[in-house]
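I have a structure I would like to understand better, so I am pasting it below and will then ask my questions one at a time.
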């Protein structure tokens, strides 16, 4: 097993840990963190596996995809945080009540 | 050489374990503030990982956006959250206490987690060890791309259409945030004089760095996203130091800058479409400066959008009452 | 361009278009609404007459539009179709006149007449449908168009009756849909064909065909009120009288019965159905429904409910005639489609008149009503005697042919059913006639209205008189070229004797 | 690649026009309505243009930037894409007209930019042949959807939007990981190339699972539907209409497209699993709809149930691809029209009476006949009664299911139809009641009534347009690419 593969495995582990947190934790801020960790995991998989090429150059296409992904992630995070704040303002709680998490 | 390889390998392993540990702490620690701090640390380590994976472009983006801006956004959100709730600590703790789950609902997700890791891990390990991906294609077409940095070539030329749509995503996030109406302003303790004077030094530096990243992106790591996020960071600093934006700027000019990136992209796409017969088909000779034009517009928009996202609410202006 | 390809469509449109326009009319435009209604009815009558004449001459009238790449919407004017179309067109005209009188001054009349027209449109479509999918389309449209009529009054009872009606008919529609799709899968066609389109099918599919038959008949049996699917009909009595008349005589119940005729004759074919062994159970169910409906009618004091159970019983004569699977019984069953319609609509008109004029809703309130409303009760008497099967009213002809047909087909038990049913008919109609004509008039009626010198309004009085006369005529002048009996003979001939 | 310079590229216009319109409406808030309506009309015209082009020249292909797959991104349109674009245009036009009178000035300024960008994202989605590009379009659709869902800023709307955001982000991430695995298995993100190169290996299976799970979550397939009722029921009426009619269909389209092009030949068991969940959705969604006391929640649960029908395509696609997916495409179009009409009706009733309690809809028939008529007509299509688009779709699907001897699907579809009738007539029954008027009714602008009616009428008219529409669906090589059937 080579180094990139270890990072790729780290990626899926981060994805799973994030998923776990998203399901188990109730606070919305935590869920937002969890989504970000999941995203980082996916980015790792994309880029790490791109290092399998024989030449000197790692595959630049996944790099571009990840940069795209990071921007999408920050946009979504900003929106989620604002939404959470508004929700807390209105309902006084940063937890989605009777969240049907049994099926998440 | 051997020793360096081993040392680097150990460093990699250390990074892997640190990241895992941090991720787990971010998810499991009871204190939200701590979780956010750990998350920022996580982001910084991720930037290191990108360096290790020979992805300096991503490393820059991650450091600026992933760790920096996201961290700032999270911190500001927590700050506002605490301002809304009179007893934040207690509330967080109670919500944590309410989470006391029964044993199966504690164990089941963990089992699922392990299963998913094992399944996906098996899938990854059965991938071939060597794969070229699109490296040959990129190499072959680099000469026609108008830039020398392959990542920039992919982002703005080969897959420029993705980037166009991505600019729309960024704008949409802001539109949605504004549509939600204002959020509470940051509490005044953030506007201290030290910060203000620091800003006076840092902001010009950041703007310079941003320009540099934008310019260098054509040949070396850097580009619109990194430049834009540095610019955004400058904006965030200004906002933190209590910078008051002129009322009239908030009407037209701000909106104009916000749509500049996607607007220029769409207009160039349309013009190229009608002159060259293809969406975003740059003539090879003009590709270089067209990309620079697009990147400049995108940098401004990204910077403005990120700062505006950090600001949260819609700036008070006559247009939206 | 050939007119013959468009006339069936025009017949459908001639009530659809006025209906749609009426929806948009303001409530107070009574005159315009009446003109639209009557113009549509008259035009439809003319078109139908034209088609009858044409078909008699051997012309073909067919409208065909592609619905799916390999499935068409077909409207075709065959003898059986015209038989039903003529019935519904004539009765629509009469019922419209009646409804105009009946609903005078009540709210939401635009809505009522709009759905009323849609209802007839659907009935005519059911009649003219040239294949099973077109039939299904109009059959479901009929369900949807009658629902607002049933709940028209907006009371809680009306709403519940509407829900019951839907529960039955939607379920029935689903069964027909399932049967239709399945049939289409097996045969690749749904085109109504004399003597059916299934004769060449591989015998390994016979069990499936039996189930399809059950599905289709059960689905149609809901509207035809076959036991045990009749439950909605008595409840639907809450609707205004013209609606009941329409439901029982023309549209809903008849569409079900007509559908049974279609399925047995033009989908499966009589002989093939008999070979499959599915007609005998149908005959048993029909016979049981005849007796059951009559027995239930016996114990109803509410006049309209009594008539409703009478319908349950009488409509099954049609199914019975079809299920006996012989030519003469077929004539009896098919002709009863028209005869029962004429007689039953008369009875419902009369019941409506009693309710409107004197506030009479119950049989026990009808003492001496014959003296107060002689014309209405005269019409009622004709209808009731027809139901019993007394000559010379039309009902006699139906029962006669059914009886003879049963003997010819060797199904002697049917005679017992017919006799039993006639006795029961006597038992629930004759007491009404007796008390209406011979018992003394009470001092006051439950809720009396006066309409000048007549016993009731002209628009209410004329329709039952007309339909009663028609019922008499159908029984007396059976030999005329266009009498229902002659037409039924043509239909039976086509099914049994043509090469 | 042929005809790069020759044809009119309506497809490109379909993407650029709404995006540009969205930016303009953001820059000139005073003219949002004008810009919005003009843009949507232009999009509708472009769809007509594209349809004309496809019918004469066949499938549309455009290599963005002139690079072509695998390095560049390809745009691609066949019958299925065109059909989805038609859904966008028709529903978009109807809802846009409705929105003219629905929103006050402030809300309109927030609504139009989001909606136009959403439209651009949806169009881009239906035209893309690149799975990573699809991810970006999915994010446009998702974020715009969240922004729209929270437009009214009420507590319920914020709550619904939050649930929706969580679900849509999670769905996107699962999809993205699937894309990563596919890219590294085949070295391309272009759908036709993937179809050529992919083999049945563990990473492909993992990608299939992730993509199916992510998209099923976004499409609200039972039991991943938990977020939908609250999100769709608490948004403003035109937004609910857009979310239920268009947004959930987008992720389903991707799933269907990937299935037909890439996955269909290598999926033992997954197709049946999706089919079984679809069946469960039909029954569960209908039963839930039947129990609701609020109109909008009922309509939202009806969406859960109707989405179930779409998933029946997967068990059927292996043996009869075209007939199965064309039936489902028909269902998509008719459901989009009918469901958007229903939500607009709900908006009218709320505007009129200030509530959407089903049991208190007294006299709605008398007072808002056009609105109730729209609900009834839309209901006919949802129930799948003839003549309506819903009937044709159901007929085609039933045919295919029977053809393959799938009695389980047949029976569930029949039950679903009956249950749909039950919940729709529950509403209509109460609309006819004659309780005394208890509140001062507010007039409903004619535009709002008529646009709802027009959408419903369109759903009915679809029942007569099967032949030409099947012709449109047949354009293209989806079937040929798959190399199965036909």
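Order of writing sets the chain letters: A, B, C and D. Residues in each chain are counted from 1.
The rule we apply is simple: a contact is a pair of C-beta atoms (placed from the backbone, for glycine too) under 8 Å apart; a residue touches a chain by one contact, two chains touch by 3 or more.
Quick caveat: nothing in here was measured; it's all calculated off a predicted structure.
Farthest from subunit C, judged by the mean position of CA atoms in each chain, is B.
Think of the whole protein's Cα atoms as having one middle point; the chain whose own Cα middle lies nearest to it is D.
With centres taken as mean Cα positions, subunit C sits 67 Å from subunit A. Taking the mean of the C-alpha atoms as each chain's centre, subunit B and subunit C sit 73 Å apart. For the pair subunit B and subunit D, the distance between C-alpha centroids works out to 31 Å.
Inter-chain centre distance (subunit A to subunit D, centres taken as mean C-alpha positions): 27 Å. Annotation for subunit C: no residues touch 2 or more other chains.
Within subunit B, contacts with two or more other chains are made by residues 120, 124, 127, 131-134, 138, 158-159, 162, 166, 169, 172-173, 176, 180-181. In subunit A, the residues that touch at least two other chains are 12, 15, 19, 45, 49-50, 52, 61-62, 65, 68, 72, 75-76, 79, 83-84, 86. The chain pairs satisfying the stated touch condition come to A-B, A-D, B-D, C-D. Against subunit B, in their complex, subunit D makes its touches with residues 4-5, 9, 12, 15-16, 19-20, 22-23, 26-27, 29, 62-67, 70-73, 75, 106, 109-110, 113-114, 117, 120-121, 124, 132-133, 136-137, 139-140, 143-144, 146-147, 150-151, 153, 158, 177, 181, 183-185, 187-188, 201-203, 205-207.
Residue ranges of subunit A in contact with subunit B, taken from their complex: 1-10, 12-21, 23-27, 29-30, 32-34, 36-37, 40, 43-45, 47-55, 57-68, 70-79, 81-86, 88-89, 92, 94-95. Residues 23, 65-69, 73, 107-108, 111, 133, 136-137, 140-141, 143-144, 147-148, 151-156, 158-159, 162-163, 166-167, 170-171, 173-174, 177-178, 181-182, 184-185 of subunit C are the ones touching subunit D in the complex. By the touch criterion stated above, subunit D contacts subunit A in their complex at residues 132, 136, 139, 143, 146-147, 150, 153-155, 158-159, 161-163, 165-166, 169-170, 173, 176-177, 180-181, 183-184, 223-224, 226.
On subunit B, the positions that touch subunit A within their shared complex are 9, 12-13, 16, 19-20, 23-24, 26-28, 32, 35-36, 39, 42-43, 46, 49-50, 52-55, 57-58, 61-62, 65-66, 69-70, 73-74, 76-78, 80-81, 84-85, 92, 95-96, 98-99, 101, 106, 109-110, 112-113, 116-117, 120-121, 124-125, 127-135, 138-139, 150-151, 153-155, 158-159, 162-163, 166, 169-170, 172-174, 176-177, 180-181, 183-184, 223, 225, 302, 306, 309-310, 312.
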